[in-house]
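Note that the chains take the letters A, B and C in the order they are written out, and that residue 1 is the start of every chain.
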Amino acid sequence: MAPVITTDRLTKRFGQFIAASELTFQVEKGEIFGFLGANGAGKTTAMRMLCGLLTPSSGKASIAGFDVYTQTEKIKKSIGYMSQKFSLYDDLTVAENIRFYGGIYGMSRALIREKTDELLQELQLQGEAKTLVRELPLGWKQKLSFSVSIVHGPEIVFLDEPTGGVDPVTRRQFWDLIYGAVDRGVTVFVTTHYMDEAEYCNRVSIMVDGVIAALDSPARLKAQYGAANMEDVFYELARNAKRKAD
Amino acid sequence: MFRDKKTLLMLFGLPIAQIVLFGFALSNEIKNTKIVVADYSRDAVTRQLVSKIEASNYFDIEESLESSADIQAAFKKGTIKMAVIFPENFANDLLHTRKATVQVIADASDPNLATTVTNYITQIINDYNTESGIAGIRPLQIVPEMQMLYNPELRGAPNFVPGVMALVLMLVCTMMTSVAIVKEKELGTMEILLVSPFRTIYIIIAKLAPNLLISVVNLFIILILSAVFLDLQVKGSVLLLVFCSILFIMTCLSIGLLLSINAKTQQAAMMGSLMGMMLPTMLLTGFLFPIENMPLIMQLLSNLVPSRWYFIIIKKVMLKGLGWGAVWKETLILAGMCTLLFAISLRRFKIRLQ
Amino acid sequence: MIQLSNIKKTYNKGAVTAVKDISFSVEQGELFGLIGPDGAGKSTLFRILTTLLLADEGQAVVNGYDVVKDYKQIRKGVGYMPGKFSLYQDLTIEENLNFFATVFGTTIRQNYDLIKDIYQQIEPFKDRRAGKLSGGMKQKLALCCALIHKPTVLFLDEPTTGVDVVSRKEFWQMLKRLKDQGITILVSTPYMDEANLCDRIALIQKGEILSIDTPQGIIRSFPDRLYAIHSSNTYKLLKDVRSFAGIRSCFAFGDALHVSFTGHQEEALLSHLHEKGHDDVSMSSITPGIEDCFIHLLK
């Protein structure tokens, strides 16, 4: 099976500053790929390039078969994106938000209706279709945001620190949703600060100072660094970086 | 969209407000301008002319003055905008030479106003001339002799420079002050400043003082630029002007302080300054649209706008070269506003977050 | 040192209850953690204690002073680090420090030894503008600014949120050293693993305290036996364990599942999982962590 994401020496420079350097990796279909790194390590830059939001300075990349330089519009149509700020409109109801995003991705009205029912059932929000998003508790908003980001059935979904600040139970419910999506064949590309969430991923890459310092499954990384958990792996790698950074 | 009430207010409220304002309330038309008619001849012709002037909508004859000293004083006070003077033996001259001159003196510190009212007078006189000709008699030639006070060349600068001064100082002070304070709130540094032994009054002074300084510098820049490029010097005492300006600046600073208290975001602070201060200042100060011609309610409202009083002070000191005696009333009003606003804003300044 | 009694706070005229009925106390020299997710009410409590907000009901005392009546005294003697590292972005590290020192009526020199450990780490960058610092450095600078006047009580509102793992670890080491100098510290954090580093913690969610104790105490009070179950296909494992009757709780924790039973069905579960095709499944008894306890208390 062809990988859904392929990058080859992908680089982004802002003037003299190299935000992301020579990133080379592949993500297989149906994988949960964790993208870790400290703030400023280059994660956001890398993700923006992959989403077609930022043009790379050099190197190659293809997302869902589309070239990241010339086919950014097609990329945007084939991916889902959820950022930390949830991307939902507070002033609209749950149903309206789904309709809005469905419309953006060119879904037919019938399809939107069908998906809305499905979504509400899956999230157990049937009674809340007409509730303003602003009034939903944080955890619901996040779960809704995730579901909306894949309402158009994309192949890949990019999640930018989706579980910030939420209680442990809701976080796990969120990951249940992610697993559900993966079961249906969606590939998930997620960045997170929670090291235990790194363990939910099939493979993890750790960026340090703009470069990929490690890329492997959590189990193998722990073995490689003699660490008990991902936090210690990260600590090992990032600690050396701090002497160079700033 | 209909749920976002604030934006809705702006989208619909603003155009409606504008139409109401510009359509009904504000007009460049001159009506009921206060003038003085001095009739030294008091003959049949002058009486006819005077009654024609009286009858006209455009003028509101303030009083019948006698001496030229009185007239000069009235101009200085700004209570009259024009004086029409019929010299002695008016009708006699007409009879013998079929020609006579009427002296028309206009306050040209607002050149638009001056031009318009002198045109009206000319119109009235010419009508009289023509009418007298219809009766078959050779038409009269009553010629108005114009004199433009304070601004002989009818330049725009003497009118708009004071207006711009008021506007600029006002804008800088209220907007910059309110935004600066709200920015601290947004950043979170205000929290730390509050939870410290640092007395609240010092926080306020620290935020206001730089803007005071900047505004004074701005003031001098405007004055210098006007003098050099627009040939507009300060005829009166610069010291008095600076003193009154500082008073005005302080008033604006306190408005900025007041605005910052309720604004939660820098955007709100800026919008508040623009909507709340710039618009009324532009419209109700009197330099774009004459206040005398507005409906009564707007005239009353304009009394609340500090820049209106400041505008009067500047014109008197800068253009007419008047001194303390002429502006003490307006200065007192400004001082009163300043004190009141500071008292309110200091009381309401929140020592807590909610 | 710090006492709260029946504190209640609502926003929006009673529409939102941030804090329901909170009472607890912090001893002198204690490192006390408020652990809970966003919206739990942590920031609200901090603001009430630092006198920035008035509670709707209840009393609070800091250092012997009432938060309402004696707010001026409290403001003189506490150190406060609100969330978001509130620093002046355009000022350099050194300028920020000097500014806050002046605001607190002291100088950097006067209390330098208190902040020395921390400041030395950022001193090489003292001419860099605060806006250009990394999260970890901002955090250290903010801490220095809060300590500059040698406060007796330190209030730190989520000082480690959004900061990388390495800086977080260092930060807590700094806090321990400060505690050793006798400063009472009240810290809030959403990271459960940091709870273990405190003397005592209060687990808080939706404006209510779920539990207050030492970390060990809370762990000891976990009622069930907890097991970690591991298999190569975690998601399938999750589904299969959940489908087994007799499970009291089952939650994912990294590469394992933490499971507790209603009875003693450990063996039965293992057979069930073998049947489902998990050949390499392993189960071991574990000590619960703070997060396990938190989840348990949430139900």
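Rule of thumb we're sticking to: a residue touches a chain if its C-beta (ideal position, glycine included) is under 8 Å from a C-beta of that chain, and two chains touch if they have at least 3 such contacts.
Predicted, not measured: the structure shown is a model, and the values here were computed from it.
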item: Chain of greatest Cα-centre distance to subunit C; value: B
item: Chain pair with the most C-beta contacts; value: A-C
item: Approximate Å spacing (C-alpha centroids) for the pair subunit A, subunit B; value: 60
item: For subunit A paired with subunit C, centre-to-centre distance based on mean C-alpha positions, whole Å; value: 26
item: Of all residues in subunit C, those that touch subunit B in their complex; value: 47, 50-54, 71-72, 74-76, 78, 80, 82-89, 100, 103-105, 145-146
item: For the subunit B and subunit C complex, residues of the former touching the latter; value: 187-189, 191-198, 351-354
item: Residue numbers on subunit A that touch subunit C, as the complex places them; value: 38-40, 137-138, 164-170, 172, 175-176, 179, 182-183, 193, 195-196, 198-200, 218-219, 229-231, 234-235, 238-239, 242, 245-246
item: Residues on subunit C engaged by subunit A in the complex (per definition of touch); value: 36-40, 125, 133-137, 161-167, 169, 190, 192-193, 205, 234-235, 238, 251-255, 291, 294-295, 298
